[in-house]
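Naming follows writing order (A, B and C), and every chain is counted from residue 1.
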């Protein structure tokens, strides 16, 4: 066990900020490469004409998931030291819906709006301004909603733990779902392209 | 057309590799649950011999008084014994519960039990689980009583060290023992209540150095 | 990564079908996803945490409120969590630097592909002004949603998805549900 490096003290807080910047560059680079600097490209996912969002997102999830699984299995990466956001069922249900609504209305998500703004998209910049305004609003109203905010807490829990399945089985199921989804998504894109051609 | 063909092969290759890795995962079960624990006996033996893995009661007392919180002090005894008395800032993880404990592999852990045997067993268990820095309190709780709570004062102790002993032992609710061995061995030593001797700083356990939040 | 950055746009065009009709060809989504996944994996191995975005903006807002009304900020549990013990600025934060990197990385990739230009991305049936207003509102809704869900699409769906976090999968599925449910009503903006 020698990873995560930071948590085993290989470097300190100051170096971690440099690491953050470098990792951010990689993140932003591939988001832009995938076409996520364009709201039209992103929202096409929700009109079934271009399923790139699903393909990129699930390829990334599956890649990292398999990497984490195997690095953990050979005993290199300590999974218990990877930060997991605690689960709050009801707020995350509602928050997820709001994220989806904001996505299709605004055309971006927080990460992709940074890429859009960096490549000169004015709507990306407006979206960023909106995020700051929304956060301020939430912050000011926080005392009123804190009860809802902390509802149904489950703590740090993973799918394998929650459903009492082996980690490997869940990895396999996600892989199956993703690969099946990719084939399905490509088929849907073809149908939609044909429909458009007819029209 | 050639471009399309290349793309399909790349995509198919990626898809196939993913399926194979996912299928293998099905049979590998759970990562990092300790089933693959390995130990290096000669390295461990060397550490035991050199006693680098020991922390003296006096040192621990200094740490607690100074409010150090970059380690976790673990009491391995049974719950009832823990409730009766424990070293301030200690948390109770009975030996049988060590498997399911929340101790991180990157945390500094200081173990103690009544004497030295249980903490040595727990030390080996954690080392085998590849915990990085695991230490034992030398002499265990017996050593703590003997050297911190009720230290024996001998005639040749200097005034300064006497003052320090008195101060430390009073901090933890104990007292100095003077006179001959027979008298001190009597049942007159009253263990302080755990609540009284709680220090003003450093709550038990927790990695207080990691104060930075990690989520979004 | 170097081979990818070195590829001229013409090569990418040949290797991409979905974007072949547009002027700006994008990378094969699976290769982009693979790259993104490896960056995420690197983050897990090096830092023990994943990627994120919304947290950085919260740090900015908390800093702003603290500068204007420090007492008010300290009294609010939400800001206080980001302000910490006050010894360091909330802007000296991992996510803030990561998001700065996202801006830089996006600019690098965009510049290499010739995609950097001042523009408003919208469908033909809507004005620039309406689009900007909707973008602002969408951003606002997403800011609130990201806080309630404890993370946005980066922090929850992507990062939490990869480590099989229960709450992240709930959030991810609801993001798609919410977006598909509303897509029909805002189609004029995009189609």
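One rule holds in what follows: a residue touches a chain if its C-beta (ideal position, glycine included) is under 8 Å from a C-beta of that chain, and two chains touch if they have at least 3 such contacts.
Just so it is clear, the model here is predicted, and its values are computed rather than measured.
Engineer: Counting C-beta pairs in contact, pick out the pair of chains that comes out on top.
Structural biologist: A-C
Engineer: Which chain lies at the heart of the structure, taking centres as C-alpha averages?
Structural biologist: Closest chain centre to the overall C-alpha centroid: A.
Engineer: What's the distance between the Cα centroids of chain A and chain B, rounded to whole Å?
Structural biologist: 37
Engineer: Suppose each chain is reduced to the average of its Cα coordinates; what separation in Å results between chain A and chain C?
Structural biologist: For chain A versus chain C, the centre distance works out to 8 Å.
Engineer: With centres defined as the mean C-alpha position, give me the chain B-chain C separation in Å.
Structural biologist: Chain centroid spacing, chain B to chain C, equals 41 Å.
Engineer: Where does chain B touch two or more other chains at once, residue-wise?
Structural biologist: Within chain B, residues 11, 14-15, 212, 214-216 contact more than one other chain.
Engineer: What are the residues of chain A that contact at least two other chains?
Structural biologist: If we look for residues of chain A contacting two or more partner chains, we find 7, 59, 62, 68, 71, 77, 79, 81, 83, 85, 160, 167, 171, 174, 182.
Engineer: Counting only residues that touch at least two other chains, what does the list for chain C look like?
Structural biologist: As it turns out, chain C has residues touching two or more other chains at 30, 34, 49, 53-54, 58, 94-95, 146, 150-152, 154-156.
Engineer: State the interface residues of chain C toward chain B in the complex, per the touch definition above.
Structural biologist: Residue positions touching the partner: 14-17, 28, 30-31, 34, 49, 52-55, 58, 81-82, 84-85, 93-95, 146, 150-152, 154-156.
Engineer: Within their complex, state which residues of chain B touch chain A.
Structural biologist: 11, 14-15, 18-19, 21-23, 25-32, 36, 38, 104-106, 130, 132, 212, 214-216
Engineer: Please output the residues of chain C touching chain A within their complex, sorted ascending.
Structural biologist: Residue positions touching the partner: 1, 4-5, 18-19, 24, 26-27, 29-30, 32-51, 53-54, 57-58, 60-62, 64-65, 76-79, 92, 94-110, 113, 115-123, 128, 131-158, 160-183, 186-187, 189-191.
Engineer: Mind pulling up the chain A residues that touch chain C in the complex?
Structural biologist: Residues 3-7, 16-35, 37-41, 43-47, 50, 52, 55-65, 67-68, 71, 77, 79, 81-89, 91-124, 126-140, 142-143, 145-146, 148-149, 154, 157-162, 167, 170-171, 174, 182, 189.
Engineer: Where on chain B does chain C make contact in their complex?
Structural biologist: For chain B paired with chain C, touching residues are 3-4, 6-7, 10-11, 14-15, 211-216.
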